[in-house]
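I have a structure here, written as structure tokens, and I will follow up with some questions on it.
In order of appearance the chains are A, B, C and D, and numbering begins at 1 in each one.
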Amino acid sequence: MVTEIKYIEKPELNNPVLIEGLPGIGNVGRIAISYLIDKLNAKKFAELYSPYFFPLVIVNPNSEISGLKIEFYYYKGKRDLIFLIGDSQPVEYVGYYRVCKKILELCEEFNVKEIITVGGFGIGIEKQKPRVLGALINLDDMKKYKEAGVYFGKENPIGTIYGVSGLLLALAKEKNMRGCSMLGETIGYPIITDPKAAEEVIKVLMKLFDLKVDLTDLNESIKQLEDFLKSIEEKTKHLSQQLQPKAEGYYDYIG
Amino acid sequence: MVTEIKYIEKPELNNPVLIEGLPGIGNVGRIAISYLIDKLNAKKFAELYSPYFFPLVIVNPNSEISGLKIEFYYYKGKRDLIFLIGDSQPVEYVGYYRVCKKILELCEEFNVKEIITVGGFGIGIEKQKPRVLGALINLDDMKKYKEAGVYFGKENPIGTIYGVSGLLLALAKEKNMRGCSMLGETIGYPIITDPKAAEEVIKVLMKLFDLKVDLTDLNESIKQLEDFLKSIEEKTKHLSQQLQPKAEGYYDYIG
Amino acid sequence: MVTEIKYIEKPELNNPVLIEGLPGIGNVGRIAISYLIDKLNAKKFAELYSPYFFPLVIVNPNSEISGLKIEFYYYKGKRDLIFLIGDSQPVEYVGYYRVCKKILELCEEFNVKEIITVGGFGIGIEKQKPRVLGALINLDDMKKYKEAGVYFGKENPIGTIYGVSGLLLALAKEKNMRGCSMLGETIGYPIITDPKAAEEVIKVLMKLFDLKVDLTDLNESIKQLEDFLKSIEEKTKHLSQQLQPKAEGYYDYIG
Amino acid sequence: MVTEIKYIEKPELNNPVLIEGLPGIGNVGRIAISYLIDKLNAKKFAELYSPYFFPLVIVNPNSEISGLKIEFYYYKGKRDLIFLIGDSQPVEYVGYYRVCKKILELCEEFNVKEIITVGGFGIGIEKQKPRVLGALINLDDMKKYKEAGVYFGKENPIGTIYGVSGLLLALAKEKNMRGCSMLGETIGYPIITDPKAAEEVIKVLMKLFDLKVDLTDLNESIKQLEDFLKSIEEKTKHLSQQLQPKAEGYYDYIG
């Protein structure tokens, strides 16, 4: 089994921008992009499968299973958009490269020239109005993103961006694509979902692409996600204890 | 060396169901399926070898070695069955995918359309009568499994299923197969073999496939397994100390 | 770069036995086989290179470097022998398979039908006269090895054999080869080189293959090895601290 | 994506020597070679990309991203030189082999017959005048390097050289190339950048290749690097917490 994309349909898109929101610090990207998909009624058109996800299956509350994957949605607006969300970052260092490379193949297929990656940036404190920090493939784009509300300080506090949000831009740069990483400031505990940081990122994207999105449901939506995440976390505690086999304490043989 | 299946014979099977029982929480799957194989006198017809098992060999009490592998047995009854047991889960995340993919190739070979995976679900307490919790590829099958005794609550307590029991269903779903994971409730310490949970799973399978199996030997059988597992565990403690080489404390050079 | 064998020469050998002695518990195999190579004046004819060794180079006392590898020596006697020694076990689970598979390719090249693997078996205590415990591919060979001094108890205390000594036999069994693992009882601390266990193994091999080897130098030889191993260990302590890069505390960027 | 080299130009070089300086103990190699590149005005002609670097992107102070890579510079002098620097050692054991093999392909392309690797050797104490310890592929070269100031003691204190500095020489030896590893004595804490050790290495290289380099800026240059490294380190602390996904505490699912 290799990393592969399965298409549900191949929509006609005009110069689309890909916007990535996988789980990460504060779940900022995952929340923001999920909310946009929901409110804009974006349509799923492709799924990415890979052996570089955890070897597990998710069981939904209705007892139906679903495997880990990345999903692609499209939205046709003033500017066509492709949203990317998923249940998990890849596993293993090489897995990040395999998955990002495959995402870039989809970009090529749809002639994507610009990528936005969304995440959180841990600052250790809670801010009333978190900023959206930016990092660019090409500095010529700074003005555009600045006007939409992205902050580029004199000395960028971001040192490195780890995971798909960072690597996807690095590999896009090699292909002469353009792009921006938008990181909402958040307290930085991975387990705490941060609605305020997500809201700030959504506002930037609304301005950038002239999107009309009602934000009143965001807090309620996040509340539900938090409850769900918490319950998943408790459930998986049982499962995860020592399940990954180890040579130490090898006790599974039955003659 | 790649992951591969070696056939002892290729039996004629009519619309068989594959039932998986590898080691895991409470060893529920391993015990239940081993017992069924024994009592139904199922016949081994194939073995799966893989570089994604521990690099070790098991030494049987009679001093004969045997390598880690997964074994396939068939049983011809009202419904033909393929049983899958083994000594170990795979190692490394990618190993789970390689092994599960190879199992699905065997399924294709025998036209298997339905997979049942058996395991334990840790609940932290001991129950007098553990339930068998279910998770389905396709909700249309719920009635059938419910009638055989599988529990599907309003809010499924299973959050995720880790390992071959989970991933095999996830990959089977992509191939439009049907299937169910049956997890016997157990206290959830991997080292404690749970006969009661295994018994409940066996009863479900007996009802589902109209199997006649004498359960009176189960406790005795499990008692022996426990003794054996405990002795293996003690023996491997010696072997496992620092045997996996590490760059730290590299001391093996002899000029 | 792949795992490969480079031949210095291809000697004519008559039905040779391969005898493996890589580093491991008590360094029993490494010491015993190195000593035999030295005293029998066995001749190196091949080297195995692999990306599944540590990414490091050894610096000899004379300042010359030498990379990690496995070496093959041959000895023509009443029974032709191929000795296998090396500086290190492989790294990563899959690495063991790649290396063992390559060793078996050499076996095929020289028509080797029998493999002996030598190691230590940790028993937690020091014995005046350690036994040499055995495990067999095929029980028909028990008499032969027993007569040479290998111990096969009623209940073999060996539960599993980890590493090349174990896996090589497991994979040889799949190819219908014969073979025996000989594990000298030793206290079981990897860092302590055990001359007595090595001596007992050498005696078994002398008897088995009618070898004339003067054992008087063994203690002196081991003394030197121990000093050398200890000095290597101290030196590598400096090198190994945090050298394997980690994402945590990533501090290596220079603009 | 595979490990690959992208050429900016292919300069005409006459019997060049490759000199490697990746991050490591005391950052000796990275500092020394960066300084030489800067002062000799060496010109970048190639970049090496690999999936065996961390899956992250570096954000420069001006908010521009840059992916992890290894860079090659050339300098035409009395002896033509190729300098190799980079942001990071590879990840995963196999990654070291893939990257070193690719570097050797570049060497073949430019007919490089000699490789020098530069690093630090931790001695646990701070010395007023650190020595530059050497290790050689071929002892015939000892005189040449000794005259340039490299120390080869009676009993080389270097036991092993871990990482690209070591493995590159090991693999070069297999190709019958010549070469030397030069390790400046340093206290050995990876986080402490050691200007004195770097200076001693630079002096050796100046003498060896008759280079004119003004050393007065070295301390200032290192001071800036240290500040930068420290700030990067603090920034990445936020990012690195639990970002690498783990099955334990899997909490990222959003329904």
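We adopt the following convention: a residue touches a chain if its C-beta (ideal position, glycine included) is under 8 Å from a C-beta of that chain, and two chains touch if they have at least 3 such contacts.
The structure displayed is predicted, hence computed values, not measured ones.
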item	value
Inter-copy rotation, chain A to chain D, in degrees (Cα atoms; steps of 5)	90
Chain at maximum distance from chain D, centres defined as averaged CA atoms	B
For chain B paired with chain C, centre-to-centre distance based on mean C-alpha positions, whole Å	34
Chain B and chain D: spacing of chain centres that average the CA atoms, whole Å	48
Per-residue multi-chain contacts in chain A, two or more chains	54, 56, 58, 60-61, 91, 159-160, 162, 232, 236, 240, 243, 247, 250, 253
Touching residues (chain side chain B, partner chain C) in the complex	1, 49, 51-68, 91-92, 95, 231-232, 234-236, 238-243, 245, 247-255
Residues of chain B that touch chain A when the two form their complex	23-25, 27, 30-31, 34, 54, 56, 58, 60-61, 87-91, 93-94, 96-98, 100-101, 121-124, 134-139, 142, 152-164, 166-167, 169-171, 173-174, 181, 188-191, 225, 228-230, 232-233, 236-237, 240, 243-244
